[in-house]
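Written below as structure tokens is the structure these notes are about.
Letters A, B, C, D and E mark the chains as written, and numbering starts fresh at 1 in each.
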Amino acid sequence: ATPTLKVGHVSPRTGPLAGFAEADDFVLKGIEAALSSGLENNGKSWNIEIISKDSQSNPNRAAEVAADLLLGEEVDIIVAASTPDTVNPVADQAEINEVPCITTDCPWQPYFFGRNGVPGEGFASTYHFFWGLEDVIGAFLDMWGQSGVAKSVGGLFPNDADGNAWGDAELGLPKPLAAAGYNLVDPGRYQPLSDDFSNYIAAFKDAGCEIVTGNMIPPDFATFWAQAAQQGFNPKIVTIGKALLFPSVIESLGDRGDGLSSEVWWSPNHPFASSLTGASANELAMGYTADSGRPWTQPIGFKHALFEVVADVIKRAEDLEDPEAITAAIAGTSLNTIVGPVDWSNGPINNITKTPLVAGQWQKGDNGFELQIVANSNAPEIPVSSDLKLLG
Amino acid sequence: MTTILKLQNLRKAFGAVTVADDQSYEVRRGEALGVLGPNGAGKTSMFNLITGTLKPNSGRIEFAGKDITGWSAARRSHAGIARSFQVPQPFSGMTVFENAMIAATQSAGLNGQKAEDLCIRVLDQTELIAKANVPAGSLTLLERKRLELTRALCTEPELLLLDEIAGGLTEAECQSLINTIKEIHSSGTTIIWIEHVVHALLSVVDRLIVVDFGKLIADGKPKPIMNSPQVKEIYLGIEADA
Amino acid sequence: MPDPILKISGLNAHYGDFQALFGVDMQVDAGEVLAIIGANGAGKTTLMRSITGLLTNGPDQIMHKGTDIGRLRADEVALRGIAMVPEGRQLFPSLSVKENLMIGAQVLRPGPWNLKAVYQLFPILEERKDQQSTSLSGGQQQMVAIGRALMSNPELILFDEISLGLAPVIIRDIYRALPGIIGNGMSAIIVEQDISKALSVSSRVYCLQEGRVSLEDRSDTVAREDISRAYFGIE
Amino acid sequence: MNSQTYAVSRSSRAARVSAIIGTLVLIILVAAPWWAGRADMRLMGELFLYLALASLWNLMAGYAGLVSVGQQAFVGFGGYMLFALTMFAGLHPITAIAAAGLLGALISVPVAVLIFRLRGAYFAIGTWVIAEVFRLGFAQVSALGGGSGSSLPVAIVKSLASKRAMRESISYWLALSAAVLVVASVYFFLRSRKGLALTAIRDNETAADSLGIDIWRTKFVVYVVTSAFTAMIGALIFLQKLRISPDAAFSVNDWTAFVIFIVVIGGIGTIEGPIIGTFVFFLLRETLADLGTVYLIVLGVVAILVMLKAPKGLWGLFRARFDVQIFPLGYRVSKRDPS
Amino acid sequence: MDWLNAIVQGTLLGGLYALFAAGLSLIFGVMRLVNIAHGDLIVLAAYLGLTVTTATGIHPLLAIVVVVPVMAAIGYVLQRGLLNQTLGDDLLPPLLVTFGLSVIIQNALLEGYTADPQKLAAGNLETASFAFGGLTLGVLPVLTFSFAIAVIWGLQWIFYCTALGRAFRAVSDNQDIAQLMGLNRRHIFGLAMALALAVTAIAGILLGIRTSFDPSGGGGRLIFGFEAVIIGGLGNLWGTLAGGVILGVAQTVGAKIDPGWQILSGHIAFLLILAVRPNGLFPRISA
């Protein structure tokens, strides 16, 4: 009989982070179709069973379901995606239970340092691919540099995993911004779900900031953005991580959403294709839109790539019965995926590899808002689709 | 006989309503003192002051030679002051027996068998033994009043304060209550009893005080007090028919 | 002949498994004052609670002027003109004295009783009208409770333990006021421990014993021996 | 007629029978590492920890009348103390768990002094605010990861035992002993004189006060002891979770709402209730959790239905039918046989 | 000037908190009901506003005339159908039932509207501002504050000057006896909840214009509502407004010192006030 290899998958299907996992069903359907005839390993065919669990956007629950998958289902590989709140608890459980784990969709610093990783040592069983803060900074500076606005930047960083990483004095935005001649006004870490940003706005106004950046959740950004207008603060560029990922958020901001900018990890214009199905980025994105009637989102590509890597690892592992062999296969990955090359041999730090990142701007087109790529110096293979337009 | 309770210039007011107006009196050990007064005169408030549920605005309370003015209600209970509440306050979720056990274990500080024996004895005396296993919340008003008495007795008090426990009783029941109280009294417990059922009160007490507007207006032997025109006027109404 | 104000037939009442009333029959005609006596726990309060709808009853056990009210909610019964002065006063602590009285007028029945009339009956209440009702003494609270019931201008008023915990002078005043209160054709049921008082104000008397009617007679002719027999169930 | 004719008893046949059965079950449970799978052991461990939390909350709400919706304050505090003490003070995890309990007791003293000024619903909300203050406070401690949280270094986990199987057994036994310790403590406390005082306070404070019960002190002791235990359980929980962050540590849903749900479903104010409730909760979770939103909606509906249809919980339903007590607390007075 | 700005912005924010709290205060005062689902009902109102505005294209403020009666009806039905059965001396049944309700509303919204953040598009109102003594004030916050004053004035008047208010208080004191006075407590409680949710409707719409919301957004703000109620003192609605303002100002002033302390300083202000005045600043009814 054909042996079965079990892959556990944890993502926030419900709760506040559910947007990240909205395409899970679609992506998994595609993956399962591609794997329906099994995978070949050492001349032997394996059935692949994917068991998906909901973290409910709750880190406690993420650890629970991960433990469930590891101990109960006894999965051979576990994968997780979407924000440190899901990725880190899953990776921690995998590490202690010595089960190979691949994660994505979370900048690598909060993943690595948030788990008390030690550079040079890293982790035994857990691997991660995504980009890092240095890439965000590079992409942002690239975009801002073309604009010619005053080099005074207001920073909005919450006291959460992403915000602390972005605002970190050593690893975050402050140092490189200073090096590039920008003056960063950073009043401090606010608590998520704050109802008032007047102190920030006053500080930004005083310093004459023309750029605002940060990493926020959508309600906080909406509060800030409305208050900024009320209090007469009109920056020329607003580049915010996380909050501006999803088209639905931009839609909800109405006209005030036009011209906001953000990092772009994946888009239908990315010149990559799936190693598993051969579909191009554009085909995958349009497939989702056709299937669900909703606009494409960036996590789709990464969710697909996650399973591309899994399939590749399964094919290459020397012994699928041995976790260490699987881990070794992960470490030895060199694969061109739908989000770009994944290769842990050239990462910035142990257990990490990076995918390309560019900067984009939401621009109102004929079919509503579209995310246009406006700066690409760090990943020239991804074409620019429009010019940056200043706000106001 | 020694003094067990001494009130000195006790004063308490709720806004404009004065419930204790410069009250001073002493109660001797072993005495049975009756308290009369129109509704709202401040009788229950006086009990509240003595037991510590109310704090006086000024004045001093001494019990068995000690100044207890600043003591908590719980500490006064340990010292030997017990009361029944005019509006019964049972532990409604617990059985009658457990209600009694609380008094015996917490206030009297008895343990195990001793506490149980005391409770059984008192429940027998107050004729609640048949209801020992019944939740106190299901008792009738009168049974609740008896439970008040039971609990007070289970603290093994030196000074027992009774607030209107004879109301609503039939003749026969009233007589049996009187006998019970006489029995308690004769065992040496000092009693202060507020009661509107005057004949019941008079058959037990050997001294009466009358309160009106928080003031002590009479203090002495029952007979002359009941016959004084002042009491007749303010308490019984001009032509007493009680 | 018009339907009686209240006709109770075969009334049973239960608290959970415990049956408190057994087939009670009773009738109140217009303008009549009924006294109910009985030992503690005989079921007097239970009877009052059944009549006012605080306990629900079986069909056709309580008829008000020919209509079954046994299954109505208490507020619906109140709207029909039946008011009660409950055992133990039960005022609304967060309402002032005046507001407590006003609540009684909630049922909006026309009649002689209004704030002024109540203040005339109990002048002390006017002095205390803005005070919180809990800060009154027991006797004063009883006055408010009576006033509150009167404010609804009831056709039938029930007094549960009308003199419990009251000073003799207040009891005397209340009994003096009683004929005036129920003189205007109002009917009343008075639950009272003091038998002679009960007989002096009522036209008929019922005695309850362990949930059953053990005596029904005219107040002015009833023999004392009959009462004590009915009361205690002994010969 | 006196104590000669009446007898007072505090036990029952059912209790004696169940004591024997209970001992047997306990022996079987202790031996779980030899018969249960890894996932089962982990699940049971989690169940025991919830059982302990539920019993503690029941002691406070069901007996001391302290309805707290802020127990997550102490769960999270215990968790953070485990991390801090092992990572910075180098304590062994088990020592750190005990120390977390001690520190939990310490920190609960000023908290109690403050919130005991409140009663009823005010108290409930006050405890919630305290928990929020704890959450926001720990979010400011950057050594513990601030708002991002922190993972427990693998080395610390491995110091519990180097072998994975042994580690898992130890975790399991710790959870089991926590549950047994808590349930037994609650039971013997409630049978004691102080326990009687506690129940009296719940029923009527005015009367309790005048019968010599120091209300404030009794509640205070219960609160402090409960907090200490809760902090220890919190440390145990996060030893399993391996990762802590303010939102996870001080989650009102995970550590208080579900616990209230458990207690109420089982039957508040009884020792048996939380035990039954825990089983029901895990049964629901294990069978339905994969349904996502539907699971949570079902949970909400069950909470509402139980509260409306069986306000005394499942154990209350059972007791209404059969007068059985596995953990007898009350007294029964019976007439002695004349013979 | 910055400090003055922080205080003024905090005061205006307090208006929003007072709106969250006013409904809570009312039902807590009348029924001693601690409504854990209140925050989710606010979010529900915002979603209703969204449905109305997207369906008809009207301005969200106009949508209030539709959402208020709908929420009031929901309140009445909810109270009579469900919550009435939980009321009594015990704090727990309503606590647990409304907790269950909160979970149900959140997840039903998630099913119905997805987790996407939504916002009510109010055009110029979102950004409009005017200068006032050297400060720039947003029209929306000022409008919110005015709504808060109007709502609280209305509730206070109903509660203490009308027969309905008297009935509210009587029923809250003693349900049985109130029934004897001809008050149907189920109906009265239904009316109280209807009134409370009518206020919630206004709060929800204003919240939806101020910021974006998603199904899980209710719980986080619930606690501010409770704090405002308690700071103000039970049964005193003006106190609730004061409580909201105190919270808002504590937050903005705290944030001025360190942004991380914004929410924390609101809670600390609450605890400090309770340490001094356990019954709140202006209690009308003893707790």
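Methods note: a contact is a pair of C-beta atoms (placed from the backbone, for glycine too) under 8 Å apart; a residue touches a chain by one contact, two chains touch by 3 or more.
If you want to know which protein each chain is, UniProt gives these names: B = Amino acid/amide ABC transporter ATP-binding protein 1 (HAAT family); C = Amino acid/amide ABC transporter ATP-binding protein 2 (HAAT family); D = Amino acid/amide ABC transporter membrane protein 2 (HAAT family); E = Amino acid/amide ABC transporter membrane protein 1 (HAAT family).
Please read these numbers as outputs of a predicted model, since none were measured by experiment.
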Those chains that touch subunit D and also touch subunit B are none
Chain labels contacting subunit A and also subunit D:
E
Measuring from the mean C-alpha position of subunit A to the mean C-alpha position of subunit E, what distance in angstrom results?
36
Euclidean distance of C-alpha centroids - subunit B vs subunit E, Å:
48
Measuring centre to centre with CA averages, how many angstrom lie between subunit C and subunit E?
43
Using CA atom averages as chain centres, what separation in Å is found between subunit A and subunit B?
76
Multi-chain contacts in subunit D, i.e. residues touching at least two other chains, fall at 136, 139-140, 293, 296
Each of the following residues of subunit A touches two or more other chains, namely 14, 159, 189, 191
In subunit C, what residues contact two or more other chains?
none
Which chains touch, pair by pair?
A-D, A-E, B-C, B-D, C-E, D-E
Residue positions on subunit E within touch of subunit D in the complex are 28, 32, 34, 82, 85-86, 91-93, 95-97, 99-104, 106-108, 110-111, 219, 223, 226-227, 230, 260-261, 263-264, 267-268, 270-271, 274-275, 278, 287
Of all residues in subunit D, which touch subunit A in the complex?
37-39, 42-43, 46, 136, 139-140, 142, 145-154, 157, 164, 240-243, 245, 247-248, 251, 253-254, 289-290, 292-293, 296
Which residues, counting only subunit B, touch subunit C once they are in their complex?
14, 17, 37-41, 44, 86-87, 138, 140-143, 164, 167-170, 172-173, 196, 198, 234-237, 240-242
In the complex of these two chains, what residues of subunit C are touching subunit E?
52-54, 73-76, 78-79, 83-84, 86, 90, 92-95, 99-100, 102-104, 106-107, 148, 152
In the complex formed with subunit E, which residues of subunit D make contact?
61, 67, 69, 114-115, 117-122, 124-126, 128-130, 132-133, 136-137, 139-140, 252, 257, 260-261, 264, 268, 293-294, 296-297, 299-304, 307-308, 311
